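What follows is a single structure, written as structure tokens, with notes after it.
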Amino acid sequence: MTATIPATARRPGTESGAPPTATIAGANTTRRLRLDPRTKILLVVTISTIVIAGGGRPGMEIVAPALAVIPFVLLLAAGRRRFAAAYAALYAGTFAVDAGIGWLVGPAGPLSAAYGTATGGAAAGTGVAVAVLDTVRMTYCGVFAACMPGIAAGVVLVSTTTVGEFMAAMDRWRVPSSVTIPLAVVFRFLPTVAEEHAAIGDAMRQRGIMLGGSRPWKMLEYRLVPLIASCVKIGDDLSAAALTRGLGAPVRRTSLADVGFRAADIVLLGLCAAAWAAWIVLLLS
Amino acid sequence: MTATTNPTVSVFGRLGARDFVTTGVFTTIMFLVTALGAPLSIVPVLLPLMAVVMPICGGIPFMLFAARVRRFGMITIMGTVLGTLLALMGHGIFVFATGIVFGLLGDLVAAAGRYRSLKFNTLAYGVFSIWLLGNFMPIVLTRDAYYAKLASGRRGVGYADRLMAVMPDWSLAPLAVACFVSGLLGAWLGRAMLRKHFERAGLA
Amino acid sequence: MIRMDNVSFTYAGVDRPSVTGIDLEIPSGQTVLLCGRSGCGKTTVTRLVNGLAPHFHDGELSGSVSVAGIDVAATPLYGLAGTVGSVFQNPRSQFFNVDTTSELAFGPENLGRSRTDIEAAVGSVADELDLHRLLGRSIFQLSGGEKQRIACGSVAALRPPVIVLDEPTSNLDFAGIALLRRCLEHWKAAGRTVVVAEHRLHFLTGLADRAIVLENGRIADDIAGDDFFSRPPAWFRARGLRQPSLAKLDWHDSSATVPVQESLGLSGLRYRYRGSKQLALDVDGRGLPGGVICVIGENGAGKTTLARTLCGLDRRGHGTVEFRGRQLTRRRRLRETALVMQDVDRQLFTESVLDEVVLSMTDGSSKYLDGAAAGDVEGRALGLLATLDLADCRDRHPLSLSGGQKQRLAIASALAAGRQLVVFDEPTSGLDYDHMKTMAAEIRRLHDDHGVTSVVVTHDPEFIAACGTYVLHVDGGRIVDDYPMDDDGRRRLTAHFAAAS
């Protein structure tokens, strides 16, 4: 049950289970575990910053995977099973690939041996293979592995939070309207830009304007100019419509959305605090 | 004469809800340009390329945005909101900091030209483009961390160095220069589009 | 309730006033229709009431406007929000939020009302306007009619005594219009003062207490609603107004343009949305004559899907189209058909009108590239522009043209690329009588002079009457009815629209 539907607006018998909720990501998700958006924001920031900046310090090999588990659990709780599974597989994969490539190119591995003894073309071939493997290892096990948990936490945030809740959270933190209004507009505009982009793509394909056409260097211009022009016009309409409904009034904005910390929030905030404490300890040691 | 056309008071006036909506609209476009490039920059060889491509693509919307700005603050807000969005997507807190800082610096440069000087606006976009560093920071940081981990491991520094060779040391300074220079290029492209399209279409 | 004394307004950067010398007194509880040709000033009058002129659209205002005793020019927009509510033309661009419930709560939130007040306001608006089924939905999943109802609800949540609507039905089908009418009926019964600026008039029959016709920024007629709706068709035509009655449509003689031979064959046209079991389009074994084929049906019936599939725009749209004896696969349709979009801005790419047409001759359709010297291409392009009355603006930027000019430019581009099957998506939405007639004449001329077969997706019976030669009625992704525009066809078409409204 979401608080975005006021009690007075409910009718008995019209709902089965939790009503769908339009989240920032646009999807209608049903939420079993309700968290305060502020908790989710702090989680994203904590997980991404510590896992990324903590890097190769000794001790991080425990802290990082521990933090990586949190978004997995929350994704499951949000009913995003497929995404959670993909995330788990990708994350676990980094350890397997790291170990596998390490062995292949290591002193006991077949590639390392070949590298030492082969001559001419074979040596060059092995060199290329090793370079490719090294690149994969660096990209996937070094960089991607560290970015994944934060991104997964970001997905939890946008796919379980409505724009109203997010704004209410910003409001509690006293973020000024100079930032909250543009943020709300971005959430509102992302799907619009996608729609415009698709429609312009249709028009381009139909007029035979494509990369293979006679003016490939103009692609960026043909793509962006109508898109921007369209967005500016829609934006002006949107401003007018919002201003006639009181946007910009010099009073503190209120919100229909109901945000507040519950037991689950306290647990997760505790975990965040523990992670920061662990990080500081690692940093000092 | 109204306040908006009086050159002595206009630049530091109060921003209104309409300015915030306009900023939001352009921030969305800038965000998409960035968000589409961000995942690509994970691949080592593409990272420096992204530092060139993203500022160039963003130049077109930015120059129209700058032409519609009347008062100080809108570029700072754009940087802040971009940083907030990327931080919320899990790119780390760094991008939030660079968004605010380079947004503010860009805003100051553009304000020096009263938002009407193409020269200052171009320079402002070059400076503002350096905000992307925060976006690359996780990659540079994790690369270094991974290096440290490998170097301290059983295989030692030799192997770690070999691995680093495939991922050239794109430390932040050259990336910042790349962002700035491509920002100038993007702004130049944006100026061309401004003259060619937006002014003639009555949008600037 | 609304009072204007000798009001004139000139937009910044325009040398002619949009309205001049408006004296108007609208008593509380009245429902008023504002109509007139495009550019007559009716939109400006609504903006003077809700304060967008001069607070949003800069310009010079003289005279005084007051609403419920408030001086509009001296009050900031947020100060008027609780007094005047505004519904706009385009349902796509008037939502600030991404979900419907937040949209209803938006006004009260902005004015800092308490959470319990907001809940109560949302609940009672949902009750009054029957919006419960729409709550909690993403606005991107709503039909145009549903969006307009949410827009009405969002405005009503602030309980303003005055509500202005600026061309609210432009993007709606008949069913959507009927639902909008219910909102208006409710407001009328509740004693609100309602001002509607509109081209389409039929849905206000029996609802508008008063009709004001504007001409060149001045009030030309100010008469009682009943009187207005009982005027003869010629009266409306003389003022550039749409016919308010389906019974009085102005049929053109279609017999001259109906070609006898079958020219458009649809076989196995199917479309299935990702993850959906049902076919959104299922048309097979249909032969249609050429001419001007009008596709009718409610929103969501599959008209747009049919149009997109005809144009080969979507990989999910399967099947073959036989056009004048040739089999067109999806890829060939992409090359040989053209779509004139409802939002034409999206299909104009270049920096000048001339370039736009030249682009169509040099890209995509290699047909005209072969052996065509550059000068020849430009000469042909200019010739085409002249036939579409665009020669004077050859150097203008396409996006700076008027809506009708943009449409004609899109047509010129289609002709330049040699496309013989042209699909139009709602070409007359938001057009007044004169522009609608011009568009109809243009589409007829495409057939008569250029041999083009047009497929027109439309909700506009008056437009079908003015140019259609054949009607295709789509429902649930299937063709449920099709008939030529003979006497019998006219009866069936009239019955269809009468039933929908």
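Labels A, B and C are assigned to the chains in the order they are written; within every chain, residues are numbered from 1.
Keep in mind that, in the parts below, a contact is a pair of C-beta atoms (placed from the backbone, for glycine too) under 8 Å apart; a residue touches a chain by one contact, two chains touch by 3 or more.
Which protein is which chain? UniProt says A = Energy-coupling factor transporter transmembrane protein EcfT; C = ABC transporter ATP-binding protein.
Keep in mind the model is a prediction, meaning the values are calculated, not measured.
Relative to chain B, the chain whose mean Cα position lies farthest away is C.
Chain pairs B-C and A-B differ in how many C-beta pairs they share in contact, with the greater number at A-B. Mean C-alpha positions place chain A and chain C at a centre distance of 38 Å.
Chain B and chain C have Cα centroids separated by 39 Å.
Chain centres here are Cα averages; for chain A and chain B they lie 19 Å apart. Multi-chain contact residues of chain C (touching two or more other chains) are listed as 56, 399. The multi-chain contact residues of chain B, meaning those touching 2 or more other chains, are 18, 197, 201, 203. Of all residues in chain A, those touching 2 or more other chains are 184-185, 188, 221, 225, 229, 234, 238-239, 242-243, 247-248, listed in ascending order. Within the complex, the chain C residues that touch chain B are 56, 351, 396-400.
Touching chain B in their complex are the following residues of chain A: 41, 44-45, 47-49, 52-58, 102, 106-107, 131, 134-135, 137-139, 141-144, 146-147, 149-155, 157-158, 177-179, 181-186, 188-190, 193, 220-221, 224-225, 227-229, 231-232, 234-235, 238-239, 242-243, 247-248.
Residues 15-18, 20-25, 27-29, 31-32, 42-45, 57, 60-61, 64, 73, 77-78, 80-81, 84-85, 87-94, 138-139, 141-150, 152, 155, 162-163, 166-167, 193, 197-198, 201, 203 of chain B are the ones touching chain A in the complex. Put simply, chain B touches chain C in their complex at residues 18, 196-197, 200-203. The touching residues of chain A, counted against chain C in their complex, run 2, 4-9, 11, 14, 19-22, 24, 26, 28, 162-164, 184-185, 187-188, 191-192, 195-196, 199-200, 202-209, 213-215, 221-222, 225-226, 229-230, 233-234, 237-258.
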